[in-house]
């Protein structure tokens, strides 16, 4: 274990202690002994992202929390309990609203970044709260990875090594669950409290578009408040040359604005009727500024459906998918598809041959969702 | 361009004009200069349908509306703005309710019509409003293609030529989006105002059951009010001989009756809890009058799921699907399936071998939807 | 026909009688002439289950009820009409609440039982009402097969013979619909009233995880109140050796407790927002007591999605499915899948290779549902 490792949660825990005692002690200790290497980077929408050179080794949490009631699957730390709040709460915190009026709209770049040349990704991300402007008239009080919704796009190849560290800048415990990793989630995906870090390493076994998200309880609240993104794993043998884009669809369930930002609302999430459904975190952003390709291009959409409640019924108006890969690409292609449902928590790879010029809207064809922002334009230019 | 072509929308438009100006001018012009060939056929439930000999060439709209805010993906004309109404409105218009009390129930024939022998379909349809009796006690105030819900079944083969013209008989702008066409939607699927027409030609590339629908904004309102149907594209190499039927599933979200007809209700559509879920536009119609085949028949259901919110979880009680084609038939068959979800905006091909006589209900096995009318009976007779 | 066969419904029915007359006469007769062989076994949570030696032959119902309005697909007997109640009712009956306070929590064993060695299953089950404790603080007033939710797991192989008899112990009519059977549902899946039995025999043609359920009208009420389960049909040629488990996901829509038990609520079912979503009938039961396997095991989950409204978006945290079979296993495998949606009324087969030790939560990744109980833990032990 490297010296930058955070204290094991097991070291904080009398195995016979009650959950509440555990949390009180964990919180106190995390303030007294901030992990080396944590909180070095400030979290703002434009600060973090991408790879950095800070590498921390994997830090098993041991048997932490075994005696606790499991409130959900992914975590031993429950944000609601830790914060002394009911889980039926909102995402509104001081940090999530700070400077909301001054936050500016930034289009989320859907282009797939290149995979690392050396087969190794080193990522040190921060979990933090931040106001995000999603349209001219709406700012949301978000919980984020790296200050954005979605978090950064990760791209690697099957068999590459991904070394990941999450440092928590927030008073709310957080964690990271990569769907591309095969790893003990009790250890790797455990929650950390403020200033603590968790690190793990994985080698993706299968190609595909995979979701990542915070798995801290209540998971619905953490996903629903903005903590998700996409990791795209390309096969070792390259797929046909294409213009490649990443679309992360997610639903926004919001309360009325407070302090300039609309909080995410847990009760509304449970009601299943969202206020917005977005591609890459902003309603209709690719109508205002389309995704542009050239005639003759093959276009590959890596689509991740976050939910947290509904599938993304992906469709391109005026086009048909040449290929949809049901399993890991290039496996099990199906051909000539108008619309395919990506389940919440799932991902899929869609290919188009752009042999006609024009403006082709891509939508969630459950049109109640399309109507709420899950529409963009693919502009095929000659 | 033939002489029957409507004026290009680009001709109506000062590129720097505001959207509202544009719409005012477009409306005025469409009244002053009705397109030749438009409004020749009156729209009634039994009037139109099928092919006719009026052939109009494809009419590109040019760059019309580029300077406008895109309110949705498929169209530059927004019915709510054009009518000076809030999009949160109902389908109730004078035409949609006229004669509602006298409207009679007509079973929708689910039989797949033959594909054209000469490889060419010429269709001239009208968009119009009409009351539709969907059961003994319910008439809906519908927006339609050719006066019916769904619109006519279109059947052709891969590579056939479909020449399509839509004339709008309604004060509300409308348009046509065929999921079987690969074509610039900005041109071909553009909205037209009253008395105007739009024409385009396409050659389906892939076999399958494809949705068609009005794509005018707000799309949810136009789909939700009845403007949809199925185009079935058979492969060039025939599939195994079968009795072939078309099932279009759609949800009905209705307000209370006014002037004898229940209007479709946009706000209710957004709530996602429908009043009826229907196969071919009438709840339970194939219980009253089943689909009849003979023992030994192979039965092929081409199922289109309109939504606009939910999938059709297609199932036949007492049977199992011999084959479901995931991609374009005959590609990627799967075997021995009890239930498969057709996503909203999607279509699929299901085959049964009827080697047992009996009455086999076909349902949406999300039984809250089955309970609301998405049930019919397949009667296998010896 | 064996002497133990119940009276044919056709014998009770004047073909020109009204539905209400029919039901009155059927009820009277069923009390006067209880079927031989019926009600031999008392129905309690621990009483029935598995195979028994009572064998009754298939009993065709003839043409019973042809003149009646079909209220749903699966049945000629409508529980609401028979009981003189509105279908918008609750599951609360005297029997469903009797002894609710004393009912104890029993974990539902998810292990797949062995298929019969002799290729023959003889099942005599009872439909009955019973209180079921699903958690420390919740008892539900259930309608059941064999006194449990779900009913017993059935396991056989393709081509085996399943001889099934259902005896109804309840004042409410019930029936049985096996999705693994290809059989005339009008006969085999017909409803029976109290003390009557229905018997039928089938030979599953396809491998897979199939739902069974009560198909009596209103079907939504009978499924929604607990009458469902799984029949797993293994292929003749064995799949790779694995630890095999059955997961039946279902939604619970409940009213407030009365007489110690929370009734299932038909109106709430229609609202589509459940109180609980469960794996095998109890929220979070496999968090408290995980499913345990050894490192190196292949794990096969046979997942049936009951709904009655939503799909099960099946996912295992920290793992990826090596294989999901889209059609009948071993057909059409797809590889490297994070999450796949099993539609309501459907079933699917998922395989994992457990080459990492740890605690792997399995969830419905529509996390509003995960949050309501559709979470368990797969413990991979070294």
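Each chain carries a letter (A, B and C) given by its place in the written order, and its residues are counted from 1.
Keep this in mind: a residue touches a chain if its C-beta (ideal position, glycine included) is under 8 Å from a C-beta of that chain, and two chains touch if they have at least 3 such contacts.
Please read all numbers here as calculations on a predicted model, not as lab measurements.
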Report task. Specify, for the interface formed by the sequence copies chain B and chain C, whether it is same or different in terms of residue numbers shared by both sides, with half as the dividing line. Result -> different
Requested in this report: Specify the angle of rotation obtained when superposing chain A on chain B by their C-alpha atoms, rounded to a multiple of 5 degrees.
Outcome: 120
Report summary line: So, in whole Å, the Cα centroid of chain B is separated from that of chain C by 37
**Report entry** Where chain A touches two or more other chains, by residue
**Finding:** 272, 311, 326, 332, 341
Requested in this report: Using the touch definition up top, name the residues of chain B that touch chain A in the complex.
Outcome: 70, 72-74, 177, 179-189, 205-208, 210-211, 215, 218-220, 223-224, 269-272, 307-311, 326-328, 331-332, 341, 343-347
Query raised in the report: How about chain C: which of its residues touch chain A in the complex?
Result: 272-273, 284, 287-288, 311, 313, 315, 317-320, 324, 326, 332-341, 355-363, 365-371, 375-377
